[in-house]
Amino acid sequence: MLTIHRLDLEDARLLIKGASEKARDIGVPMCIAVVDESGNLVAFERMDGGKTTSVIIAQDKAFTAAAARKATHEYNAANVPGNLAFGIHAEVGGRLSTVGGGLPVLVNGEVVGGIGLSSGTPQQDMDCAQAGIDYFEQQRQ
Amino acid sequence: MLTIHRLDLEDARLLIKGASEKARDIGVPMCIAVVDESGNLVAFERMDGGKTTSVIIAQDKAFTAAAARKATHEYNAANVPGNLAFGIHAEVGGRLSTVGGGLPVLVNGEVVGGIGLSSGTPQQDMDCAQAGIDYFEQQRQ
Amino acid sequence: MLTIHRLDLEDARLLIKGASEKARDIGVPMCIAVVDESGNLVAFERMDGGKTTSVIIAQDKAFTAAAARKATHEYNAANVPGNLAFGIHAEVGGRLSTVGGGLPVLVNGEVVGGIGLSSGTPQQDMDCAQAGIDYFEQQRQ
Amino acid sequence: MLTIHRLDLEDARLLIKGASEKARDIGVPMCIAVVDESGNLVAFERMDGGKTTSVIIAQDKAFTAAAARKATHEYNAANVPGNLAFGIHAEVGGRLSTVGGGLPVLVNGEVVGGIGLSSGTPQQDMDCAQAGIDYFEQQRQ
């Protein structure tokens, strides 16, 4: 029997709060998705002005980061022609995202969920995802 | 040019709050989705214990109610063999839901979004969706 | 070698014009799709106020009527439990529509396209689809 | 509550008219899609001779340009191996197009819809999309 640790809704809200505060700071309204360790959605918010395409993209980034236990920008680095991983962005019906902005959420070295941001540049999305994780880790202590 | 009114994130949070309070009252953890008038997600929460299938079903109910401007239980009533609408539950890639629990959200007679609940019986889902709308209307005043 | 006859864009515009005039007469803004004999879109109009879900449903009705060479309400009549055709509404990824409102367009006894309407009741959708065909046949003479 | 501005059908017809006149000028029959600000189809025309694949591609380009508020050729520029956005062409079920020919339609600095062209070279598609916007802006005055 396996014992799994998984973000609860309160955890997800902390992640979204930290990410959205950073998004407000940089002036980019975002779509923010938090998923559990299996990649299924726990919470989502589209800030007023977030892009419609980003509703799905944010979820796909979070899904990828959690369910593959890897940041989407790490997949991005490997997703270049000639690399044996090239083409992975089309997997899982295109849900596997190789666009920066999806990060796994770890507790005690274990992936318990993922966070995905979309609407800014990939770097902005990554920064806000990290801000969500920073806030989550700070508030949990 | 058309002028459209659409729920903002603060509105969506009110809808989720009202629905989740009702869900707690009846002891059924729910997935709760709120979409804009075109059916795109604005906010989502899975209460701890909400079903994994309901992550999608709640979104599909909210999508249907908003984008078709009709409660999913109204589609349910028409979706019987022999009725000219029968089979509509498979439309839009199966996203058109005819399961009770999706309600359009109206302001001044105009559909501005939708709310969809899933994890309980359809009647429980409908009651919680209505509780979300009741709370939203009360708090907006 | 096969020789196929297919609606051109001018034909499609006539079909849409006739259907939309009827829709205006009955006061129901519609989504109107016209496809070729293979079910691929030739022209589409969403009248102001047409439903968002109907964007896809109208296309699926037209697709079904043309590509299966059968009105969607005829499929509806057969799509009842116990009938050997039951369940056909989920075929072709759910694109096969059994909801009234899709009609094949025939010229000299040959299916050259299809028209699909959505946003009203199935009967309203059927009436407007027929009005489109009537207008098309009248103008071609 | 948010207030959104959206193309109406008359606006969409202007965009298609301008684009198709340009397409006729250069001798390339096109598929032309116009969507609202959320990416849902408002009007579509396949000129006689337009490609069947382009029925979907034109819609995806228009969807992307409107719902992501960015021209598809701008996504194209970022969608190169090594760029953090690489792989984005597979997002949203593959509907996010990075092929030139999709442009957002702006009124008073706000995205109110999108236009997508397909059947020519990407540059021809872009030129015709721009011609649609030019004609729309000229006729609205």
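Every chain is named by a letter (A, B, C and D) in the order it is written, and numbering of its residues begins at 1.
The rule we apply is simple: contacts are C-beta pairs under 8 Å (C-beta built on N, C-alpha and C of every residue); 3 or more make two chains touch, one makes a residue touch a chain.
Note that the coordinates shown come from a computational prediction; the quantities given were computed from them, not determined experimentally.
The greatest centre-to-centre gap from chain A, using C-alpha centroids, is found for C. Our note on geometry: chain A versus chain B, Cα centroid distance of 25 Å, whole angstroms.
Remark: chain A and chain D have CA centroids separated by 29 Å (rounded to whole angstrom). We define each chain's centre as the mean of its Cα atoms; on that basis chain A and chain C are separated by 42 Å. Multi-chain contact residues of chain A (touching two or more other chains) are listed as 48, 52. Pairwise, the chains that touch each other are A-B, A-D, B-C, B-D, C-D.
Of all residues in chain D, those touching chain C in their complex are 8-9, 12, 38, 40-48, 52, 55. Contact residues of chain D toward chain B in the complex are 1-8, 11, 36, 38, 40, 107, 112.
Listed in rising order, the residues of chain B touching chain C in the complex are 2, 37-39, 63-64, 66-69, 81-94, 96.
Of all residues in chain A, only 48, 51-54, 56-57, 60, 73, 75-76, 79-81, 89-90, 93-94, 97-100, 121-123, 126 touch chain D in the complex they form.
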